[in-house]
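There are two complexes below, and they share subunit A, which is joined by subunit B in the first and by subunit C in the second.
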Partner chain A sequence: MSLTQFIEDFEEAVEDVEAGTLNGATNYRQLEPWDSLAVLTVIAMLDADYGVRLKADDLKSCETLEALYALVQTKVSS
Partner chain B sequence: MSGSILVIGATGSIGGAIASHLPTDGFEVTLSGRSAEKLNILSIDGAEQKIVADLSTEEGRQALVASSPELDGVVFAAGVAPLAPVRYLKEVDLEACFQLNACMPLLLVRDLLKAKKINKGASIVFLSSVSASKGAVGYAAYSGSKAALEASARCLAVELAPKGIRVNCIAPGMVESDMSDGFAENASADALEAHAKAYPLGVGRPQDVVGAVSFLLSDASRWITGVTLPVDGGFTI
Partner chain C sequence: MPKCSFNQVKISGLVTCVPSTEKCIDDEVALFGGNEKQIARLKKTIGLDRRRVADPGTTAADLCGAAAQHLFQQSAVGIDQVDALVCVTQTPDYSQPCNAAVLHGQLGLRKDCAAFDVNLGCSGYVYGLWLAHMMVSAGGCERVVVLAGDTISRLAHPKDRAVAPIFGDGGSATLVERSAADLPAWFSLETDGTGFDKLIVPAGGQRTPCSPETAVETEDEGGNCRTPENLYMDGAEIFNFSIQVEPRAVQELLEYAGIEIEAVDHFVFHQANRYILTNIAKRLKIDLAKVPMQTVERYGNQSSASIPCAICGELPDALRAGSQRVLLSGFGVGLSWASALLDLANLSVCEIIDFKASE
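Let's look at the complex of A and B:
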C-alpha cells in the first residue's frame, strides 16, 4: 500500500473528483463532493479493498488524506 | 392468548424485546440464539427453554429442531445488514446476508415441518424490513434478502394454509437496535438526522414492534396470512 495508490482509490470511491487532482495535503472533508454518500462509500471501499473497518467518526477525526492514510495503515498493521 | 412460541434471534435487540413481551401475553417461549453467552444472560420470566444453535449450519438447525418442543408459533428475528454501495459490496457479505436473512428461515421451517414440530393452526412470523419495498443507498444486499423473504413467505402461506398454519411478515422501520447502531457507525450525523426526519412518528424502539408480532401470533389474526405488516412510524406512507 502506498499513499499514491491510496489517493487513487479514494478518488475512484468518491467520484466527481478529477483523477490526479488530490494529494496528501488535501483536506478531503472540504471537497465539494464530500457528502453522506461519499462517507458511506469510502468506508465500504476501505473494507472491501483494504480489509479495514472504519466508522464515520473516524473519517471526521482526520483532515488530510495523508492523515487518513496513516490511520488506515495503523488498522492494517494491527 | 396461549401457545408455545420459538423465538429465533432472541439475543438481538428486537428479538429480545419480543421474547420478553410474549410471556406477558400468555405465551410460553423457547429462545434460540447463536451466542451462548448472550443467551444465558437473558432473564425472561416464562422462558421455558434456551437453545444455543448456529442456524447457518445443517448441524445447528438439526440440533435446534431436536431440542424444540411442539410449536404453536415461530418468530424469526435473526438477521444481518451489511452496508455498502454495490460498487464495494463484498461477495462474502452478500452471500452471508442472503443465507441468514432469506435462506435460513426457509430451511428451518422445512426442518421443523419435516419433524412435525409445527402444530396445525400455528403462526409463523418473519421479521422483514421497510427496506424490502423501498430503495436505500447501501442496502442492496439487505433489501434484496428481505424482499426474497417476503416473497417466500407468501408462497409458504399458500402451502401451509390447508393445515391452518399462517405465515406473515412484519416490516419495521428504523428502530434503536444493534442493526441501526451499525448504520449509525457508517453514516454521517447529517444522514442519520435526515433519515430520522422521514418518520412521521419518529424513530421507533424495539418495544414498538412486539405488539404487532404478538397480534400475528394470536388467534385475533386467525384470518390473516401472507401479508407484510409495516410497523414503521409512518415511514412508508
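Let's look at the complex of A and C:
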C-alpha cells in the first residue's frame, strides 16, 4: 500500500474526478463532486480494496488525502 | 432466530400493483439546486431514474387490495378458500385497526380467517412468506395470502435528496398454499436493533407524537430539509450495514441448505438501489445476470413490495421456461434482514398491474 496508489484508487472511486489531478495535500472535502454519493463510493472502495470499514464521520474527520490515508493505515494495521 | 426449513408448501401466484403516476429524477433539477452533474452521477452510479408514486388518497392498502383482487381473478383458488391474511406494511391506513382487518372486510374473506399486520419494511416480504410457511406447516391453514406494500414516498420530505428521489410505492399479493409434492424451502431471519435509528420516522408514534414542534423543518449540513415526521436515512450507515450483513446471510443460508451458490438461478434482493445490489453481488462473486435490478430503476425502492415486484417484473420469462430456484433477501429498517431459498414453478399469475383509482 502506498499513498500514490491510494490517491489513484480515490480518483477512480469518485465520479467526475480526473485521474492524476489530486495529491496528498488535496482537501478532498472541498472537491466539487464531494457529496453523499462520493462518501458511499469511497466507503465501498475502502471496504473492497483495503478491507477497511469507515464510517461517514471518519471521512468528515480528515481534510487532506494524506490524513485520510494515514487513518486507513491505522485501520489496516489494527 | 435460528435458520429453519419447510417442505410441501408452495407459492402459487403473485401480483404487484404499482401507482400509475411516474416521477423521474431528470425532472427534479430544482431539488438538486440546478446541479445537473450531481443528477448525472446519481443516475450513473446509484442507478436512480424513475419511480412510481401513489396519488393523494391512495394507500398501501388500496394497492395491496387491487393486487389481491387480480391474484384471485387469475387463480383457480377462490377468495373464500383463504384461511389467513398477513399484511406487511409500515404505512397502514390507521394506527388501528390493522390493514389486514380492513382488507379482510373489503376482499370479503371468510370470518373463520386469521388476519394480522406485520410492522416491517424491506425485510418484511420474506418475513411474510416465512409466517405463511409456518402457518401451513403447523396444520391450521391450507392457504395464506401475504399482502406486502408501502407508500414510503409519502414519508420522504420532497427536499431531502437522501430519500426523495429513491422511494416509490407499491403493493403486492402472494398466495401460499399446501403442496402435495416435495418442495423444500429454507429461511433465515436476523435483527440488529442497535441500529434502529439509522432508518427511522422519529415522530408520529407514541414516543414522540406529532405536534407543532415536529412539523418544523430543519436543514442538515448537506442542504437537505426534513421534519421529525419525515423518513430519515443515514445513507452511509445503511450502505455499510447492507454490504456487511447481506453477503454473509446469503452464504450462511446456502450452507445451511447444503446448496451450492451456482445452483441458484436468481438472487432477488430487496431493490434498494443498483449500487448496493452490485456491491453485494460482487462480494458474493455472483453473475450480475442472476441479480434482478431493473425494478428499482423503473419503480423506485418500494420497501416491502420490492421483492415481489422484482419477481413479477423480471422473472416471468424464466418461469415460463420452468422451475426456478430463487434466493430472496430483504434488508433495511429495524435493522432487520431475512432470506429465503425456495423454488418457484407453475405460478397461476406473476405480473405487475397499474393501479386504477376506481378499483
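Going forward, the second predicted complex is superposed on the first by the 78 of 78 C-alpha atoms of A that agree within 3 Å, B and C clash if a C-alpha of one lies under 4 Å from a C-alpha of the other, contacts with A are read in each partner's own complex, and residues count from 1 in each chain.
In the analysis below, a contact is a pair of C-beta atoms (placed from the backbone, for glycine too) under 8 Å apart; a residue touches a chain by one contact, two chains touch by 3 or more.
Given the structure is predicted, the values throughout are model-derived calculations rather than measurements.
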Once the two structures are overlaid on subunit A, check if subunit B and subunit C clash or fit side by side. clash
For A:A13, using the defined touch cut-off, is the partner it touches subunit B, subunit C, both, or neither? Pick first, second, both or neither. first
Could you tell me if A:T41 is touching subunit B, subunit C, both of them or neither one (first, second, both, neither)? both
Stretch of subunit C, among 240-248, 258-266, 312-320 or 348-356, that runs into subunit B once the two complexes are superposed: 240-248
What part of subunit A is shared between its subunit B contacts and its subunit C contacts? 35-37, 39-41, 43-44, 47-48, 55-56
For the subunit A and subunit C complex, residues of the former touching the latter: 15-16, 32-33, 35-37, 39-41, 43-44, 47-48, 53, 55-56
Report the residues of subunit B in contact with subunit A in the complex, numbered from low to high. 83-85, 87-90, 137-138, 184-191, 194
Given the complex with subunit A, which residues does subunit C contribute to the contact? 37-38, 41-42, 44-46, 161-162, 222, 234-237, 239-240, 243-244, 275, 279, 282-283
Going by the contact rule at the top, pick out the subunit A residues touching subunit B in the complex. 13, 35-37, 39-41, 43-45, 47-49, 55-57, 60
